[in-house]
Every structure is written in structure tokens, then in C-alpha cells.
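In what comes next, chain A is part of two complexes: it sits with chain B in the first one and with chain C in the second one.
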Partner chain A sequence: MRKLLNTLYITSPSSYLTREGENIIVKAEDRDPLRMPIHILESIVTVGYAGASPSLMQLCAERGVSLSFLQENGQFMASVHGKTTGNVLLRRKQYRLADGERAAIYAKRFIFAKIANSRTVLNRAIRDHGSNIASDKVNKEADFLKRYLNKVLTVPGLDDIRGIEGEAARRYFSAFNELILADKESFYLRGRNRRPPLDRVNALLSYTYTLLRLEVQSALETVGLDPAAGFLHRDRPGRPSLALDLMEELRAYMADRLVLSLINRKQIHANDFTIKENGAVLLKPDLKKELITAWQKRKREEIRHPFLDEIIPIGLLPYSQALLLARTIRGDLEEYPPFLWK
Partner chain B sequence: MMILVTYDVNTTTPEGRRRLRQVAKCCLNYGQRVQNSVFECIVDPLQFKQLKDQLSKEINENTDSLRYYLLGANWKKRVEHVGAKEGYDPEGILIVD
Partner chain C sequence: MAKKLLYQEDNLLMLSGVQHYAFCKRQWSLIHIEQQWSENVLTYEGQQMHGRADDPYFSETRGDVLISRALPLVCYSIGFYGKADVVEFHAVVSSRSGSIIGERDAIALPGREGLWRPFPVEYKRGKPKSGDWDEVQLCAQAMALEEMFGVQLTEGALYYGERGRRVSVTLTEGLRRRVYALFEEMHGLFLAGVTLPAVYSSKCKNCSLLDICMPAILSRKSKQTRGYLQHYLDKEMG
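Moving on, here comes the complex of A and B:
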């Protein structure tokens, strides 16, 4: 498996990125410029208004370092890609699959893993905090998820899969509040909402999902797949449908658990958020930094990959799944093995 | 792995001063300048080979010297910093805010 390289996050709006030789240079107001060689980086993420010079973009494109720009609120704006690399035969196979009958087979596996991993989150909570939470409620929803698990494998069409996915997500999020153990007054989830998120938990989830999405998207590009042509998510200009597909199986394990543990360990407080007149809840700059730091730390933790049977850092999960997906599409693997957290 | 590159380039001649600039430039491409002629570089074995090749082309072996210290993957235990200009940790959390 590949080495997990570092990600550079730029959250200061006044900064500007340039290049010198093989170095990226970050210039920010009233500070010495930061300079580092590009080869230690996997990706660069800027949040806010950071600008970048075309020659830095070229360097990133040549070195396969992904460079993404997010809005202040964490919404994705743009990323810079170089020439389309990878194998055209692989991509053509991907497009054929996406249009054909077999798309549903892949979609099923993504959603199966999504439901299974969500259920594991619930079950873990019962196991670890059974006496402190309303385990009846959590148990009930976990049972429902189990039923959906069996169901998703038997239905034929994509629309049925989407239906089951929606139902399962609703069930899962309805139990989510029970898993929050600290400051339940401020941290509760009123169903899943976004654009804008209307409560603190939704704001945290949305931001973390964006971080995850960037990584899944660049992992797909690294292995030569087209992130835009999905199996489950419908095509829409500018939407990275395949990235969203592949994300499904990783959300609960990589993002939801991080958010839960930050709240439960009281690393995040109610006043780390700003609430706008229209009800939108935003993360304050310090909280964003805290979240990114926690995300980066979590990515370094190691797990044994259930299918590859190899110890890898969690941060390589998007890459390893993208790799397995590419192998399946290419025909080297019979069926795509989604990531199932035990 | 982390390697430490240090050098002495004889700068009594204009060519020497040129070599010094070239050596510094080359090291900058691979790592962080922690002191004037001391660089900390995170490299894989291939990158290390490339760095050594490039540097050996730049220097004059009769007057200049290069030293490489291989600190391995657990380099953090082997490096201690005192004083100004601490620098960044290339394997740590990188946030510019």
C-alpha cells in the first residue's frame, strides 16, 4: 500500500500560494512565508479566499497533488486538475457500467456497506455506553437497519435502492441523538439538513463530509476513475457522483464517529458556532481548525483492512476502496468488496 | 524517512559562491532549511538517491563537503530544538490560519 502523505490546510483568507522550484510557498499577512517541498504533500485544501498562482497549479497538476478551494462555510468551490490521466479503457468501462444494468449491483454494495457501518456505529454505542443511553430506542433502529440490509440485496432497481437508502438514513439519524452524551441541549440533530445546516450537529457533519468527499474524489482520480460518473447518484453537471457513491460506505466510520467523539469528549462547545438570522449554523474559525486537526489525527490511526488484510492508516481508506473499485471495473476482481467495519 | 543534509562549500571564489547557491537551491527542493547550511528532508529511498546525485554534481569534492545523517522514520525522538525558528513538522498537522 502507498504511503499516506500530509495534507496542507490554508484557512487564512489573506494568504496566497506560489511556487519556487519544487516548493510551495504560502504567503500570509504579517508572517514569514511558509515554504515546503511539494513531495511531502498529498493534497492542499484552502478554505476562504486563498489565491494561488498558475505556476503552483501546474506544479500540483504535474505531481498529482490535489488542490481544492472551499468557501468559508466549507462548501466546495473548485479544484484544479491537470491532464486527465489514467487508462481510457478503464474509464470507458466505467461509463458503460454506469449506463447499464450492472450499475445497480455496485450501488447495492455501496448502500449495503453504508447501512452495515451505520448499524455498527449504533451497536458500538450500545456496547460502550449501554447504561447511559436509551438503548431500547437505539436497539430498535439497529434492528430496522438489519432488515434494510437484507432487503437491499434483493431489490432489483436503482430507485428501490435509493428508497431503502433514504429510509435507512432516516432511521439511523433518528437514533443519532441518543448517541450524544454531552451537552444534549445544544447538540441535537433535527433530522438531517444542509445548505444551510440548521443545527450544530448538522453543521459538524456537513463540514466533515466535505473533508471526506475531497479525499474520495482525489482517490478516484488517482486510480484513473472519473469521479463524475456515478452508479447510484444521478449525473448532474459539476456533481462528483461516483465520489458520492463511494463515500456512502465511509461516512459512518470516518465522519460520523469523529463528530460523535468530539462532542462526547467535550472537545467542542456550544459557543463554537455562530447562528445566523435565517437559522443557519456556522462553525467559528477555531472550531474549523479543531475539526481539521482531529480529522488529520484520525487519518493517522491504523486499522487492519478487512479485505486487503493489511494494516493501513485510516486516511488511506478512500484510496484503498477506489483501488478495489477500479480493479473490479477492470475485471480483476469478481465483485467489489466495500469497506465493512467490524 | 528523515535525513539531515549539511554542507560546507568553500566560498572564497565566485565559482564557490555559485556552488553554494546551487547546493542550497537543490536542498530546498527536498526539505526544510532549519539552519543556514542544514536541511531536514523527508524523502523515500528514490528521492534520497536523486538528491545525492544532484548534490554530488554541484559540489567540488576538493574544497567542499557534504554530510548526510539518516534519522529514519522515528526521527522525532532523535531531534530536539532549542531557541528561535522552530520550523514546521512535515509529518504533523499542517494548518495555516
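Moving on, here comes the complex of A and C:
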């Protein structure tokens, strides 16, 4: 597997990125320019209204460094891509699959892994904190998930898979509060809600999912797949459906566990959030930075990949799965092997 | 004896591909069919070295040798296009001064007096290889020159950067047949859009596409994906 390089997050809106030779220069009003060589970077994410020069964009495109622009609230605006990622044969095959009956085979595998990995989050909590949490409740939901796991393999169509996925997600999140061990008054999940998040846990999950989605999206682009044409998620203009598909198997392991451990280790406090008049919960800027730092740190931790049987940094999971997906679509593998956390 | 021009502009392959294909068919499919590319130290050094040979607006004359760099090539009979790093044009003594040359061995060049014989030189970063992929690429260049200029060539050279010297290559009938055969296969695969399966070998460790190709995993695991979920389930249920 290739190396995991750094992601540079630019969170100050007045920053401007330029190029000098093989270096990226970050200029900001309040401090000296920051300079770093492009080859140590994997991607650059700007949050807010940071600008970038066309020649830097070219450098990024040439070197396969993804450059994404997010709005202040984390919403995706645009990204810069070079010409090397367009493989028309792979994409055509992807579209044909997405329109055909084999889409369900892929969808099944994404959701199987999603349920399996969610269940492992529950089981780990029982194993690690069994005496402090309502194990019965967690156990019960984990059992349900096990049943859905069996079921998802046998149902035929996409709608059935979506149905099982919805049920399983509801079960999983209904046990989620039991996994929160610190300041349970402030941190509780009232079902899953996103637009806007109505409690702190939902706000944390949404933000972390955004970080994950960006990485999955750029991993798909890196391997030449179209992030917008999904197998399970239906086409919708502006929606990265394949990225959402592929995220399913990674959410619990990469995002949910991070949120849980930040809360449980008391790294996050109730007053890191702003609660609007209508109940919408927003993360304060410092908390966003803290989440990004934690996310980056976690990406460098290592894990043995269950299919590749190789130790890789967690941050490469989106890429390894995108690569396996592309290789399956091109016919190197008979069926797609999703990431299964054991 | 004009060769039949089998190909049109639209279905030409890249000349540089024949070297990839002769080295590893999978590597060629990944680069040319799937349009994947990845740099490593070796490819980067190769580019740096070619940078010097790659100025099409530069030509020089050294005595009886005219040196042309980055010469665009096309070969419609075999179906490829590309570029020669360096083509030397060697001045040949005309028949007036004694030695006899046929018109199929030398050509006139615009704005130059006398007759000249094209002599392709391909620049390589490393050293001579165990396989024939460098020779094959050079021979293909020569065959394109033959078609474009209507001459018959007998020789070219490979320049190896690591050794700092030239190796002369005789353009044998066997080498030519190999070029034909390789391109014929490549055209077939390209048309079908087929990426050939990964085969793991000792060549893989220096390949810049190693992480994209995943030969070690894909050549042994392709059959193991079917039971992957069931296996997980069996273990979890047990």
C-alpha cells in the first residue's frame, strides 16, 4: 500500500495559497508565510474563504494532491482535479453496474460491512466498559444487528437492502447513548438528525462524517471512479452517491469511535458548542480545529487490513477500499471485499 | 515497396507503450488503457534526464552529424505515434566521391546539402536491461523513421545514463518481427479495453505502479472474495 501523507487544513479564511517552485506557500495576514514542499502532502483542505493561485492548483493537479474548498460550516464547495484521473472505461463500467442488477451485489457488501462494523463498536463497548454501561440494552441491539447481517445477504433488491440498512441504523443509534460515559446530560443522541443537528452528539457526528466523506470522495477520484454515481444511494444532482455508499462501511470505525472516545476522554466540553434559538447545534471554531487534529492523529494509527492482510494507517482505508472497488469493477476481483473490522 | 498503411490517426497507440508492454503487459494496460500513472524515484529521474533531450527547438551539428531532439514520429503501418529522444542524421559520402550508397539508405534534408542517414538514439536512465524492452522501443522508432523517410535503417543506439555510454543496436529481422507482434497484441487489447491480470514477479518491486497494481494480492486473492462475507459471518456466529 502506498504511504499516507499529510493533509493540510487551512482554517483561517483570510489565508491565500500560492506556489513557489515545488513548494506551497500559505500567506496569512497575521503571521509569516508558511512554506512546505508539495511532495509531503496528500491533500489540502481549506475551510472558509481561503484562496489559491492557479499555479498552485496546477501543481496540486500534477502531483495528485487533492485540493478542496469547504464552506465555513463544512459544506463542500469545489475541488481541483488534474487530467490524470479520468478513465472512461472504468467509469462506463461503473455506470453500467449502477444501472444494472449487479448494483445490489455491491450495495449488499457496503451495508453488510456497515452493520458488522457498527456491531463491533457495540461489542467493543461491552467488552471494555461492560460494568459501567447498560450492557443488556447494548447486547440486545448487537443481537439485532447480527440478525440483519444474515438477512442482508439473502435479500434480492436494493429497496430491501435500504430497508435493512435503515432498521439497522436505528437499532445501532438507539444503543449509542449507552456508549457515552462522560457528561451524559450534555452528550446524548436524540435519534440521528442532520439538517440541522439538534444535539451535540449529532453535531459531532455530522462534522466527522464530512471529514470522512471528503476523503472517500477524493479517494474515489484518485482511483478514477465517479463519486456521484452510486450503487445504493440514488443519483441526485450534487450528491456524491458512490462516496456515500463507500462511506457506509467506514463510518462506525473511523468516525463514530472517534466521537465516542473524544467525549469519553472528556476532550470535548458542553460549552464548545453554540446552540441557536431554534435548537440547531453548531460547533465553535476551536472545537472544529480540535476535531480536525484528533482526526489527523487517528489517521496515523495503524491497523491490519482484513483483506489485504497488511498493516496500514487508518487514514488509508478510504483509499484502499476505493482501490479494491475500482479493481473489482475492472474485473481483477470477483466480488468487492469491504472493510470488516474485527 | 510501400507498406500497407493499416491504421489511421484515430487508432494509433503510443510508441512509448511498447516498452511498457514488453516489460509487463499489466503495466502497459494500467498506464495506457486505464490511464493510471504514478511517479517514483526512478520515473522522476528518468524524466529529469529526458528533460535535457526533450527540446524540439534545439538542433546542432557536430561535424558530419546533425542532431535533432524530440522528433515527432508516426507509423501508420504498425499503428503508433510518439517521439524520438534524439535522431542523428549522419552525413554520408555521396557516390561522386567514391563510395556507393543506394537511395534507400540515405535521404536529402530540407535546407541541407548532401545525403543523410537517420540514426535513432534512445536515452535511458539506468543500465542495459535483462529483457529486450529498450531495444524494442528503439526498433519501433527506427521503423517509424523508415516509414516517414522511405529509407531502410540497419542500426540505432541506446544511451544508458548510469553507464554514460552508448550501446549500438542492430535492427534485425527478429527484432522487427517482435515489434509487429507486440503492437498487434496491444491493438487488440486496447480495442477490447482489457486490463490484463496481475502476475507477481521480481520485476514488481521497482515498478512505480506497484501500489495501484497490487500484484501480490490480486494474483492470489481473486478467487477468495466470494466467501469473504460468509467467512466473517461464520466466525461471528460460531
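By our rule, the second predicted complex is superposed on the first by the 340 of 342 C-alpha atoms of A that agree within 3 Å, B and C clash if a C-alpha of one lies under 4 Å from a C-alpha of the other, contacts with A are read in each partner's own complex, and residues count from 1 in each chain.
Here is the rule we go by: a residue touches a chain if its C-beta (ideal position, glycine included) is under 8 Å from a C-beta of that chain, and two chains touch if they have at least 3 such contacts.
On a predicted model such as this, the values are computed, not experimentally measured, just so you know.
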Partner chain in contact with A:Leu340 - chain B first, chain C second, else both or neither: second
Partner chain(s) touched by A:Pro285 [first = chain B, second = chain C, both, neither]: first
Touching partner for A:Gln296 - first (chain B), second (chain C), both, neither: first
Chain A residues touched by each partner, larger count belonging to chain B or chain C: C
Touching partner for A:Ile40 - first (chain B), second (chain C), both, neither: first
Partner chain(s) touched by A:Gly163 [first = chain B, second = chain C, both, neither]: neither
Which superposed partner A:Leu8 touches (first chain B, second chain C, both, neither): first
Touched partner set for A:Gly51, first chain B, second chain C, both or neither: neither
Which superposed partner A:Ala28 touches (first chain B, second chain C, both, neither): first
Where chain A meets both chain C and chain B, residue numbers: none
Contact footprint of chain B on chain A as seen in their complex: 3, 6-12, 15, 20-23, 26, 28, 34-37, 39-40, 285, 289, 292-293, 296-297
Of all residues in chain B, those that touch chain A in their complex: 25, 28-32, 41-44, 47, 88, 90-97
Sites on chain C touched by chain A in the complex: 33-38, 193, 195, 197-198, 211-212, 214, 217-218, 221-223, 225-226, 228-230, 232-233, 236-237
In the complex with chain C, residue positions of chain A that touch it: 1-2, 64, 84, 86-87, 89-90, 109, 112, 116, 146, 149-150, 153, 223-224, 307-309, 323, 327-328, 330-338, 340, 342
